[in-house]
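Structure first, commentary second.
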Amino acid sequence: MHIGEKKGDKAKVAILDYDEAHVQEKEVETIEECSVFKDQPTVTWIDVDRIDHVETIEKLGGCYGLHPLVLEDILNTDQRPKMEEYDPYSFIVLKMLYYRDQSGQVDAEQVSLILGKNFVLSFQEGKEGDVFGPLRDRIRNGKGRIRKMGADYLAYAMIDAIVDHYFIILEKLGERIESLEEALVTQPTTGTLKEIYSLKREMIFLRKAVWPLREVISSLTRGESLLIQESTRIYLRDVYDHTIQVIDTIETYRDMVSGMLDIYLSSVSNRLNAVMKVLTIIATVFMPLTFLAGVYGMNFKHMPELEWSWSYPALWLVMIAIGVVMLVYFRKKKWL
Amino acid sequence: MHIGEKKGDKAKVAILDYDEAHVQEKEVETIEECSVFKDQPTVTWIDVDRIDHVETIEKLGGCYGLHPLVLEDILNTDQRPKMEEYDPYSFIVLKMLYYRDQSGQVDAEQVSLILGKNFVLSFQEGKEGDVFGPLRDRIRNGKGRIRKMGADYLAYAMIDAIVDHYFIILEKLGERIESLEEALVTQPTTGTLKEIYSLKREMIFLRKAVWPLREVISSLTRGESLLIQESTRIYLRDVYDHTIQVIDTIETYRDMVSGMLDIYLSSVSNRLNAVMKVLTIIATVFMPLTFLAGVYGMNFKHMPELEWSWSYPALWLVMIAIGVVMLVYFRKKKWL
Amino acid sequence: MHIGEKKGDKAKVAILDYDEAHVQEKEVETIEECSVFKDQPTVTWIDVDRIDHVETIEKLGGCYGLHPLVLEDILNTDQRPKMEEYDPYSFIVLKMLYYRDQSGQVDAEQVSLILGKNFVLSFQEGKEGDVFGPLRDRIRNGKGRIRKMGADYLAYAMIDAIVDHYFIILEKLGERIESLEEALVTQPTTGTLKEIYSLKREMIFLRKAVWPLREVISSLTRGESLLIQESTRIYLRDVYDHTIQVIDTIETYRDMVSGMLDIYLSSVSNRLNAVMKVLTIIATVFMPLTFLAGVYGMNFKHMPELEWSWSYPALWLVMIAIGVVMLVYFRKKKWL
Amino acid sequence: MHIGEKKGDKAKVAILDYDEAHVQEKEVETIEECSVFKDQPTVTWIDVDRIDHVETIEKLGGCYGLHPLVLEDILNTDQRPKMEEYDPYSFIVLKMLYYRDQSGQVDAEQVSLILGKNFVLSFQEGKEGDVFGPLRDRIRNGKGRIRKMGADYLAYAMIDAIVDHYFIILEKLGERIESLEEALVTQPTTGTLKEIYSLKREMIFLRKAVWPLREVISSLTRGESLLIQESTRIYLRDVYDHTIQVIDTIETYRDMVSGMLDIYLSSVSNRLNAVMKVLTIIATVFMPLTFLAGVYGMNFKHMPELEWSWSYPALWLVMIAIGVVMLVYFRKKKWL
Amino acid sequence: MHIGEKKGDKAKVAILDYDEAHVQEKEVETIEECSVFKDQPTVTWIDVDRIDHVETIEKLGGCYGLHPLVLEDILNTDQRPKMEEYDPYSFIVLKMLYYRDQSGQVDAEQVSLILGKNFVLSFQEGKEGDVFGPLRDRIRNGKGRIRKMGADYLAYAMIDAIVDHYFIILEKLGERIESLEEALVTQPTTGTLKEIYSLKREMIFLRKAVWPLREVISSLTRGESLLIQESTRIYLRDVYDHTIQVIDTIETYRDMVSGMLDIYLSSVSNRLNAVMKVLTIIATVFMPLTFLAGVYGMNFKHMPELEWSWSYPALWLVMIAIGVVMLVYFRKKKWL
């Protein structure tokens, strides 16, 4: 069984019950209070924010008649996004993503939705915060059409909130890619390499979280769940478009990042080339000169050149000539 | 909400209303004037060139009964090309591309089309210029068959103008690729590398803008929209062919550009090799000679060679011999 | 014929026969005892743990009416996972994977299942251990719903046990990838390279074993076998999800490992660059200085500088100046 | 509008009209003569070899009732291969390829076919030569079954001639790949690199020309055109096989060429390694020796070694020993 | 027309005619003898082992009513594997592969099968040997079920023999890959590189020969040929599994071989790094020392250090100190 990190104490269960006219909100202690809302015609949203309280979830599961496999899947936070039809309800698994500014990493929290005729149960892993704040406000204030619609619209609104948040993460990653591109052009360092690798990982991670979503929302749009009404389907088509757009952008970013690695490699090779040219020029100029100086530093008795009075300045001229010829040669080869 | 850059002042709304006999053109101030054309049998083209005037678009949307999601999509300029059926009208999103000569970059402007029974609404982001100039002239002058056909043909003509403009961009990029190829063969520099990367990015960008278009036009051709008449469909098939041709060319360019990067890397390695050979030849020739000179520069009391009168010229001969042997050896190894 | 390694002596045949009320377990010597269970209404699981006893398998095949091709496939341990319908039974081939801690390698054992109306025959290669221990306990103790269900549920439970064990292997590989990543960042060595290659191989191996499983379980879920009851199918759908998850993770790991190789190559190039810079700095500083020292070590009679009393300290100053200029230059080029 | 290079003067229009008994051939001046053949039961092949004469093509189009889009497509030589059904005729676009021996490049000429009930119109760009020579001979001499069959068989025979010619181009490219492979093994040079790149480009070009053909011929084989009779379809299936074979070979060549680039890169690295080893060995042997010689070239007053009579030969022994130890060490490291 | 190499003299035509009770075998001289068997109820296998005898094949084709395109395909040995339905017979093309131990290359021989109601015609290119030996023995001795079955089973048995032989080739290639892997780890040389490339080519070749087979056997299994009886189809399903297994293994090998090239490149870079470190250490240690020795070898009149009695040993100490500091530094940087 693959279960996320435990975080102690109690589960947080928040209930939001509404219809066009009324809205009622409370945080419950005992799960028994949930059953009150079950048979009312109002739309009920029960949000459980700590799935490590197995009893809480099992009680809720019992109350709403959830299949044991569904409960297992809710507890297992390594699920990939999916949608499954169980007769009186639909089970949807999604990934809510956060961008951690300190570490520059994308963090995922699994959200499981149970969509019934007049209720939505949502289960979060219990990580701090979620993306449903504005949605809750819209319900409380009765803004928009949410209060007039059913549970299926509520589920849509939640999926929409999650998918819309992906764009924020993409924007952050886009900024990182842009600044990386600039670094690549101006002064690539080993840090650039690590950043490329880290971005590559984020992309792989993101892709794994978002790719299956396409299938999920597509099947919701096609009307595989009988709980989704025709009027809501048009909104889901919009979310579907957003998902495709997210996937497109991820693929584009992937392409760009792997293009960067190639450029990085090329520019490292280029700099190596530049370094080697400096070395070669220096060595090629000074080695023959040092050799000549060495020759006239020899102690042979019979070295006639040593006696001639003009040979020292003549040698200087020769050496300068050699140096100049070398440099001209390198300039012609475009090494300078 | 992802909305493009604001550009101040007023929206430009241009109306072109025509049938086979008449044509009427005006720029309106208040959107209310638009509703006049709504119920006439003539074909009406309302072109809004600045989508940042939200009120203008909402009013127009109200007048023509557009769905809130459509209005949202028109305002969001990060859409990918798509086609959506709403009951009495079709909603089409396209990307109009420009080639910016100064920066060498491809710039995109989103165009949203609403195709109704006898009208086409088009919404542009408000970037300077568009590709519909020749089309407007054809309507004004009554050239070609456009004045005899309905709104569906107008929509086709607009899509055709946009897709045809892609070829101009491809031509520009093709020229850049060709000059890059030549640079690669004659003298690859760091600039070549940056140009390769920049071309690669343009390709990714282009691909993202054009690829979904295939699906859009294909679904128009298959007759998913009831507003498209049989006689227009044959023209759309032609646009479809053009789109495939554009995609094909983009893919070919991508292949060529990534081939170039490989060649660039190889040729950098080659040049490094050449540099190292020069260094090695110089070092291999002069190091032993310098060593020998150093030996006879030593100050030992008892070095018999130093006394002999022929040892200095003999050493020169030995040193020349060593040098020649080395060079012959390198020639045999094809390093020279 | 491709048959796995022989391991001598006798086949181990274990029978587990149960219904809701009773459970009977025995290890048989002669295969004839198996036929006793054939026509009873209880669920019978016959597990053969050494397929190199051809007679044993042929006798069992005769008793349960297995097709010669099925027997051949059971004996051939190079099968890929598959499912085949033979009229009164289904034939399923799976790969049971073990992680060998000593060698760090993933080892596979082929498991062939014959699912009949009220029996499951399983054939293992005979490698030590299997993953069915907990399942056997559940049958013995009557825990869970297994004793209440038919042979199809038993087959599901076996497949589930095998697939669940894949996660353990993925976890081990995940740990290796993580520690490899760290090594890559801190101090990449040749060992890192070998580890990358070894992980790459494991991924290829794993992929080959798991990929076809998807198809197998999918066809079981779709109800291609009439022996699978509706109530069991919902459990198979769960296994199917797990399989997809395993495949997803393998693909992610593959991406990460091949990303690592790129990073490794880049960082090797980087280090080469660093080494070359050190060499170049040293050579560029000392070659001119050594040349100067060589010049004033020459033995020409007429070298006026040698006579001047301040020329030695002056030369030192010149040499120090040259060195400082060089270092400043390299600092400016960011080589230091 | 994308139109190929203009080549001046007149269009060449050749008419070949035949049935089982007669054959009539002429080159016409005015296109009006074409209409004579239109309503005869004989098969008429009108071959226009210079599409830049727009009037010629438009007159012919008028005579045979061709759609304006078809005429446009004929004039645009950047079409990709395609097949389109227009009611009384089929429109097929193909690429005829030539291998230019001088430049080693593959050149394409677009051929547009109009297949009607009893006629085939073919339009070539006007490049010198075509591949229909043997076909014309077969018609003139009444060899084979061509004179007994209808216009659909003629169209088949033309497509077959074009596809068969692809094999000749593949053979030429195959020879180049083989000689490249040999060069790669014996002595890779910068020229090898350019040849690899040039082959890669040819492959991309070829692929673009041939790939869509598959779809074209497949749709002809499936009988989408009512003009193709059952008896001809079996021959088209044969052409389809050839097309697949051509595509297969192109893919194989692509794989081989990109494999070559990897090998080239590896062998460049290898040679760099070899060069560096030579340099390192030389430097490692002579640097310590030169240092020692330098030490005993110093002019200190108090250097007792200088006085001893055996120190010079002893130093030689030491230096030889150092050199030998170095070389043994390098041999052990397999650098020699 | 693409025809394999000619090999002179006569075609070898071997006839094997059998039913459950009798078997008759002969090698014929004139093809006319073949027609005797045509209308008998026994199963007839006519094996032609040299397709360069065009007359032989044409006569046989006439006798059995083969379509001219089939005869053409039989003579053309560059076919890819395929299956085609002609009304009273099926035409199947396969590749028989041999492993040439001397050259280490995989060689292909095309086998064309004509499956009729009660006969199988097989055409081989005429390369030495085939894989049907054991099959012939089984027919002669009446072992297995072959004598009891019809011509469709004979065709299956032939395909099975060919596909089973692929495993032997894969095993040989697997051995080569394994020994290559070991070489890669212990001591990669230029030979390793050539072996990698050669293996890569074999894989491309193998893939091209085997990949289309999948489609061929799949269509036989699906019952597209009416000549294949239900009872034989279950055996073909088995061959299909084997084919998939072969393709799987080829893909795995391809992955492994291209992984090897990456590793090879990395390890070449690694060794280059090691070489450069040695060079850099030597140069960095000795260059400053040689410079110092050069300084005190200068001949300035006024160099006070030269007079001091302790300056020579002091310089040695300084030089040793410099050397030690350098080595400690390199050790700290992990270069030693």
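We call the chains A, B, C, D and E, going by the order they appear; numbering starts again at 1 in every chain.
Note that a residue touches a chain if its C-beta (ideal position, glycine included) is under 8 Å from a C-beta of that chain, and two chains touch if they have at least 3 such contacts.
For clarity, every value in this text was computed on a predicted model and none was experimentally measured.
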Least step count from chain C to chain E, where 1 means the two chains touch: 1
Numbering shared by both copies at the chain E-chain D contact, with half separating same from different: different
Interchain centroid distance [CA atoms averaged], chain C/chain D, Å: 42
Euclidean distance of C-alpha centroids - chain B vs chain D, Å: 26
Sequence positions of chain C contacting 2 or more other chains: 265, 269, 272, 276, 279, 283, 287, 290, 294, 297-299, 303
Arrangement of touching chains [line / ring / star / complete / other]: ring
Cyclic chain order - from chain C, heading first toward chain E: C, E, D, B, A
Contact footprint of chain A on chain C as seen in their complex: 167, 185, 234-235, 237-238, 241, 244-245, 248, 252, 255-256, 259-260, 262-263, 265-267, 269-270, 272-273, 276-277, 279-280, 283-284, 287-288, 290-291, 294-295, 297-303, 334-335
Chain B to chain A touching residues, read off their complex: 2, 67, 69, 72-73, 78-80, 82, 84, 187, 190, 193-194, 196-197, 200-201, 204-205, 208, 261, 264-265, 268-269, 271-272, 275-276, 278-279, 282-283, 286-287, 289-290, 293-294, 296-299, 303, 305-312, 315
